[in-house]
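There are structures below to look over.
One chain, subunit A, links the two complexes that follow: it is found with subunit B in the first and with subunit C in the second.
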Partner chain A sequence: MTAEAPPVVTVDKSQASAPPTGVRAWLSRHPLAAYAIRRFGLYLVELWGALTITFFFFRLMPGDPVRTLIQTLQQNYIYNAEASAELIARYRTEFGLDGNLFSQYIKYMEKLFLHGDMGPSLINYPTPAQTVILRALPWTIALLGISAVLAWILGVIIGAIAGWRRGKLGSRITTNLAIALAHVPYFFVALILVYVFAYTLGMLPARSAYDSSITPGITPEFIGSVLKYGLLPGLSIVVIGTFGWILSTRMLMVPILGEDYLVYAEAKGLKGSRILTRYALRNCYLPQITAFGISLGFIFNGNVLVEQLFNYPGLGTTLVTAIQQLDFNTILGVTNIAIFSVLTAVLLLDLLLPLLDPRVKYWK
Partner chain B sequence: MRLLHAVLRTIRNSRRLATGLAILAAMILVALFSPLIIKLIGGGTNPIEVAAYEKWLVPSADHLLGTDQFGRDVFAMVISALSVSLQIGAIAGVISTVVGVIVAFVSGYKGGWIDGVLSTFTGVLLVIPTFPLLVALSAYAKNVTLFQVGVMISIFAWPFAAKTIRSQVLSLRSRPYVDLARVTKARDMEIIVTELLPNLLPFIGVGFASSALGAIFGLVGLEVIGLGPGGVIDLGHIIFNAINTGALTLGAWPMFVVPIVLLTALFAALNMVNIGLEEVYNPRLRGVAGE
Partner chain C sequence: MNTESPRNEGPRPQYEDVEDVVRYQLSRRSLVGGGAAAALTAFLAACSDSGSYSDKPADTNKPAATKSIQIGKANIPVPRDQSVIVGQVEYTVFDSFNGMIPNGSPNGAGVELATEPLFFLSFATGKLTPWLATEYKYNDDHTELTMKFDPKAHWNDGKPLGANDFRFTVMALKDRPDLFGGGGELKEFVKDVEVPDPQTAVVKFLKPTPRFHYNFIAAIAGAPNNIMPEHIWKSQDLTKYKDNPPVRSGPYKLKQAIRNQKMFVWEKDPNYWNKDKLDVKPQYVIFQSTSKQLDQASLSFERAEFDVGSIDTQHATQLANTGYPNLVTTQFHDPNPRVMWLNCDPARGVMAEPKMHWAINYCLDREKIGTSVWDVKVPPANYPWADYPTNDKWKNDELANKYKFEYNLDKAAEALDEIAPKNAAGKRTYKGKEINLEIITPAQVDKAEYAIANVLKADLAKVGVPCTLRSLSGSVHDEKFQRGEYDIDSSWAGFAIDPAQLYTDWDSSKAQPIGKNAANKNKMRFRDPKFDEVSRKLSGMDPNSEEAKPLLDEALEIYFQKLPLLPVIQTGYPQFFNTAFWKGWPTDEDLYEVPLNWWPHFTLILGKIEATGQKGPA
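Moving on, here comes the complex of A and B:
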């Protein structure tokens, strides 16, 4: 399952030593395109590797989804008949569990990539898993996307200032707070917020994503309701996320402060605020863009618990429900969607970076 | 002896490291003496037995944190759960660090395509959301021992250690004294054990702390959604109990606030150890210590 990297390495080498013919000559004249192609190749390899690992991970685990399905059906629809061999065989085919492991894998990948089909779900039985997931996806993207970006912006700005004014009391307090809180699960903050604002003060709702008496649609009431219900879960992600970014930005900022070009800028008589924003900040937000992509998977992990606490109708809640009922297709689907989103985001940020950072040169 | 001196000097140099270690030491002490403390609280009876006391007692001198829905003393439960959380951190931390060190050395020292494969694999494991995989794995882990839970969580915690250590191996590999050892025809194993390992100890410490942090974090995550392995009662499990039995609506805040505060202190301590060690040993950050 790790046999994916060699091609990447060999491409690298052949570019360096190849005589300038055809495609290679063009690539050496267009280093940025060469970088983009190589990066995209790595993305495909990573995506394929990760999806393959998760597929076998789930299939090699003990447990029989078909037996679970039949049990669920018996419970839900008072299916008193003993499941016949025929019925079991039919469900096996439907869930893609017939044949050996390798042919199951080929079939799953083929269905996933060619038809976007993840097989039927169990939590919502004949509905396909991808439909269940697509219904939950927008909620997670909105909640997690907005909170993660907001935390990043706040964290980089506050972190840069904390590094800039290092040694001052405010900066020291902020830094120590960040060290203490950067690795706390979002869930802890969410729980305290729920207890204070929802249960004790009764100011904000504790569950769901919008007031169920309002019909969903693009109306001011509905949007207002969504914002109100999203405030607590969002806030818990923003608070902890911001502390994390403060810490890492400060770590990037402080070594920069001794650089000659900052001394020169000061000698020129530039104002402190201008040096901070135009000279120092630029050198620490760029690496943080890459770090943002890398942290997305981790943010998703934390978000699962927050969604579950608030019963937010996103991917996290879907995942937990699916796991409680051993719904393989949905669990695998949610995992794959999360992997796909994170790897794609990292790819886009990596491709964007050379456009933002003039120093990045990829043709070495 | 020399090692001990070096360790003490390092601790004296960094207030952050010292604070982190002090908090950890205090928690480990409490965990070590937890059977005794629980016995003292019980005063003859077992305070964490079902119906040991009345249900839902509010905090008082007899029950510092009150009792839960089964009449168990919450303070005693928290103490025993803290010890479980620490044990998981230690077990998973050690396993992850060993795996991480091996992967980092093979990858960083050998280089070439092996490094390409291993570091891509480590990188992908760090980037993709692995929590669903851990949750799925735990759905099958009923009635497992503490050690087995530690092993299970290590599967997802070792990349933290491997990444930190690999980057250090890369920077040490080309140092003159390593070249010297190579010229004198020392075998790879010899170079790794006698030249590289001692210089990497602080970063192995960082790897251990981050893996332990990741492991405790992972188990708490499993527990609070009610999917923790059966029979393992850590701090996350107490939080889960609190939510599920309606402690939120009843206002029984000690049941979830105290575990949260303890875990936050634990995460903070591990993070202080990490940052303290890096500030002392990473020359680029040396000016950073600030304080």
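Moving on, here comes the complex of A and C:
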């Protein structure tokens, strides 16, 4: 046997130094897209992780939903609620509660991702949980979503002006008022508003979402009624929410006022209003946008106390009822929607921030 | 290159003056000012008064009213002066009325106004009233029951109602233990149902039973089984059909279920079959979820936006104290007295001793509990059933005096000394082991059942019996209770139409070992052969018969001797009515019917009330 000389490997230097081709090359040429894909991958991992933790977290709650329901029915003297083992077994299977935790998890995820099915709700059996949630969601978005956006816009504008005109009487009044009221619970303000506007002055309705004599539909009459009935609950959220945003915006605004670029802008002879809107406010509203994105999660959980006070048909009340009855499918559905909304909002903000602020760059 | 900027050498611009910036940050004064403003706001809100309806001093228990009430606009789709509005719980179901599946039908939403039983039994008056059925009759050996139906009866879709519907219901449910109301007694007793004519049904039993008709009596809330219209249900899957709108036979039909208003509107059925006997007065009855915020809910009641409910005991008391002229408060005792279940299993040590049960009984200060623990003043309970007129015949005062319930810690200590004397360390021991009892309750810590247990715990400690008390949530409690993993359970008694029904559940054969689910039978693991013998005889007997009386007394005496269950207090749940639009509600002085709006008996009240003529605001 003769030893053969090892093959000579020659390296084509021109090839070695050539820029990468294919996907990697495309990504290196498009750093924004590369970042977006990476960020989206992270988003998927976060979403899966959050859904998984939530699933197991709620399953750790002590108690059996079917037995809890039967006990509630018995306490309410629903006399035929005496339940057999067959009945309990049947509905444990229906609600995805049979088998071990891991098999329950696999079944739940499979139904959720492959069929978009959150399972039947216990509080409104056999209606699917997603239907129960979707019925309540528009009311919550309409009331809490609009109120939250309105509070944010007003809060940022007033807070910026209060910071800009610090030391002036109006600014001091606004600031002190905000300190006093920003942390007052929504429902407390709501109660005062109800007492004054509904019961003392009799100007506005105190309960429900619209006039029950009007048939729901896209009609001026119905929309007018919804606005009228939503005014008091909406006002309670806007008033308190606005004060919160005023304080935080003012606190972001005051340190900015000492920056050189504002002095420069002033020295250039720009008008105060232009300096405020184009220079000062633009530098302090970015954290507020992020904070608003995160606060979206609370919107989807509903403002339970306000909804309950006004007997409003929103998601908060649905969630509380579901928790009381251990309706895992509905609880998980609401929580998952909140998780999805917050993560998606944060993802979008991450992608949008570079467009809003040229200083922000995630890629090299 | 000169790196130093000439600008930096000059005076700092005013915006960078730290002192200046700090001056405009939130100062301590601002914080104090803000805090004071918040406190003032809270103070003013707390001081706001809903006003008084009286400026006259109270010469009796209630101030005399001098002002009329301000009526609010009720948000309903029908005329206010023709409607009774009931404030109720949070509804989640609006499109299904199938009570055989979990949450397949809304509870307390007025379905009871449309659903009729075969018989009404009123705990307020003690009267059994035939309704859909005109009579029931057992054969001599209780192996056959004949039911006669009212020939006038029909469903609200106009189809006749009778024996065929009864047969359909019984036969459809008897082999369906996977449905609420299915299996159970229907499966245990029913062999077949024959229908010799449309108004007669004959139930043939597998074994004798004198109580089968109880399944069709509305005594406590609705009847255990309501008959279903065969023509509607025979082609339906009982687990899927929603029964919307519900085809029933009662004086009201569903007009609207408005999900977003959490409201059910029931309209008087002009073709109601039993108008001669029951002519309900309101054209509409509306059930609506009230605000869970109690101040808001009670304001709605105060403005007469609700006629029934929507106010709690505390707010009603406040309202009464202001002289509010339209409030009617009617006391009614719950079918379940509050009780202590005592675990009798030998595995629980000293708890198996009847003397221990008596020692615990001597530690129960029923007067104090009834006066200061429950929301309203309630009498002590001396029997394991509610103090309804219908239950008077089961009492035996001679026996009750012989085994007198009294709060007496000396007697408790004496009984304990016999079975669990104190050791050298001053601790009570049973068979060499120190005693420590476990009390559980499904009530939250702010609820009365917990407070009752706490009172007992304190008194047991005084006689040297330490206890732990735990509030357990719904099914967690149920599991421990059913598995016998407790010594004392502070909750409520089971309800029954006659005591033998109660005793049947206490049969030794139904006592499971500790750790095994009792399936709602004999949860205290009571075992007494003599009691079993008597109770088994009673189960095959008409409880109203002459021969049953001595056996009932015998069973009651064994119960008093062994005390597996300690009745504590009758449970008072006052009901609140507003007389602005409707008058003639049941009162303490004239309790002509059970005043609970979620029982079908409420239809009988709706036949008695009258409109005041008050119009609602435009």
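Throughout what follows, the second predicted complex is superposed on the first by the 313 of 364 C-alpha atoms of A that agree within 3 Å, B and C clash if a C-alpha of one lies under 4 Å from a C-alpha of the other, contacts with A are read in each partner's own complex, and residues count from 1 in each chain.
Heads up, the rule we're going with is that a residue touches a chain if its C-beta (ideal position, glycine included) is under 8 Å from a C-beta of that chain, and two chains touch if they have at least 3 such contacts.
Only a predicted model underlies this, so the values are computations on that prediction, with no experimental measurement involved.
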Subunit B and subunit C placed together on subunit A: clash or fit? clash
- Query: Does the superposition put A:Val346 against subunit B (first), subunit C (second), both, or neither?
  - Reply: first
Give one of first, second, both or neither to describe whether A:Tyr199 is in contact with subunit B, with subunit C, with both, or with none.
both
- Figure out whether A:Ile323 sits in contact with subunit B (first) or subunit C (second), or with both, or with neither. first
Request  = Kindly classify A:Ala338 by the partners it touches after superposition: subunit B alone (first), subunit C alone (second), both, or neither?
outcome  = first
Touched partner set for A:Thr54, first subunit B, second subunit C, both or neither
first
(request) Examine A:Gln308 and indicate which partner it touches, taking first as subunit B and second as subunit C; both and neither are also allowed. (result) both
Thinking of the overlay built on chain A, is A:Tyr125 touched by subunit B (first), by subunit C (second), by both, or by neither? second
When the two structures are overlaid on chain A, which partner does A:Ala180 contact: first (subunit B), second (subunit C), both, or neither?
both
* Touched partner set for A:Ile294, first subunit B, second subunit C, both or neither -> first
After superposition on chain A, the subunit A residues reached by both subunit B and subunit C are 62-63, 166-167, 172, 175, 179-181, 184, 187-188, 191-192, 194-195, 199, 254-255, 258, 305, 308-309, 326
Subunit B contacts subunit A in the complex at 16, 112-113, 116-118, 120-121, 124, 126-133, 135-137, 139-140, 213, 217, 220-221, 224-225, 227, 239, 243, 248-249, 251, 253, 256-257, 260, 263-264, 267-268, 270-272, 275, 284-285, 287-288, 290-291
Listed in rising order, the residues of subunit A that touch subunit C in the complex are 62-69, 71-73, 76-87, 90-91, 122-127, 132, 135, 139, 166-167, 172, 175-181, 184, 187-188, 191-192, 194-195, 199, 202, 205-213, 216, 254-255, 257-260, 262-263, 305, 308-311, 313, 317-318, 321, 325-326
Residue positions on subunit A within touch of subunit B in the complex are 2-6, 8-9, 42, 45-46, 49-50, 54, 57-58, 61-63, 166-167, 171-172, 175, 179-185, 187-188, 191-192, 194-195, 199-200, 247, 251, 254-255, 258, 293-294, 296-298, 300-302, 304-305, 308-309, 319-320, 323-324, 326, 331, 334-335, 338-339, 342-343, 346
In their shared complex, subunit A is touched by residues of subunit C numbered 13, 15-17, 21, 23-26, 30-31, 33-35, 37-38, 41, 45, 48, 72-73, 75-77, 90, 92-93, 95-96, 99, 101-104, 107-108, 177-184, 220-225, 240, 258-263, 288-293, 295-296, 299-300, 303, 335, 442, 473-476, 478-479, 495, 519-520, 598-599
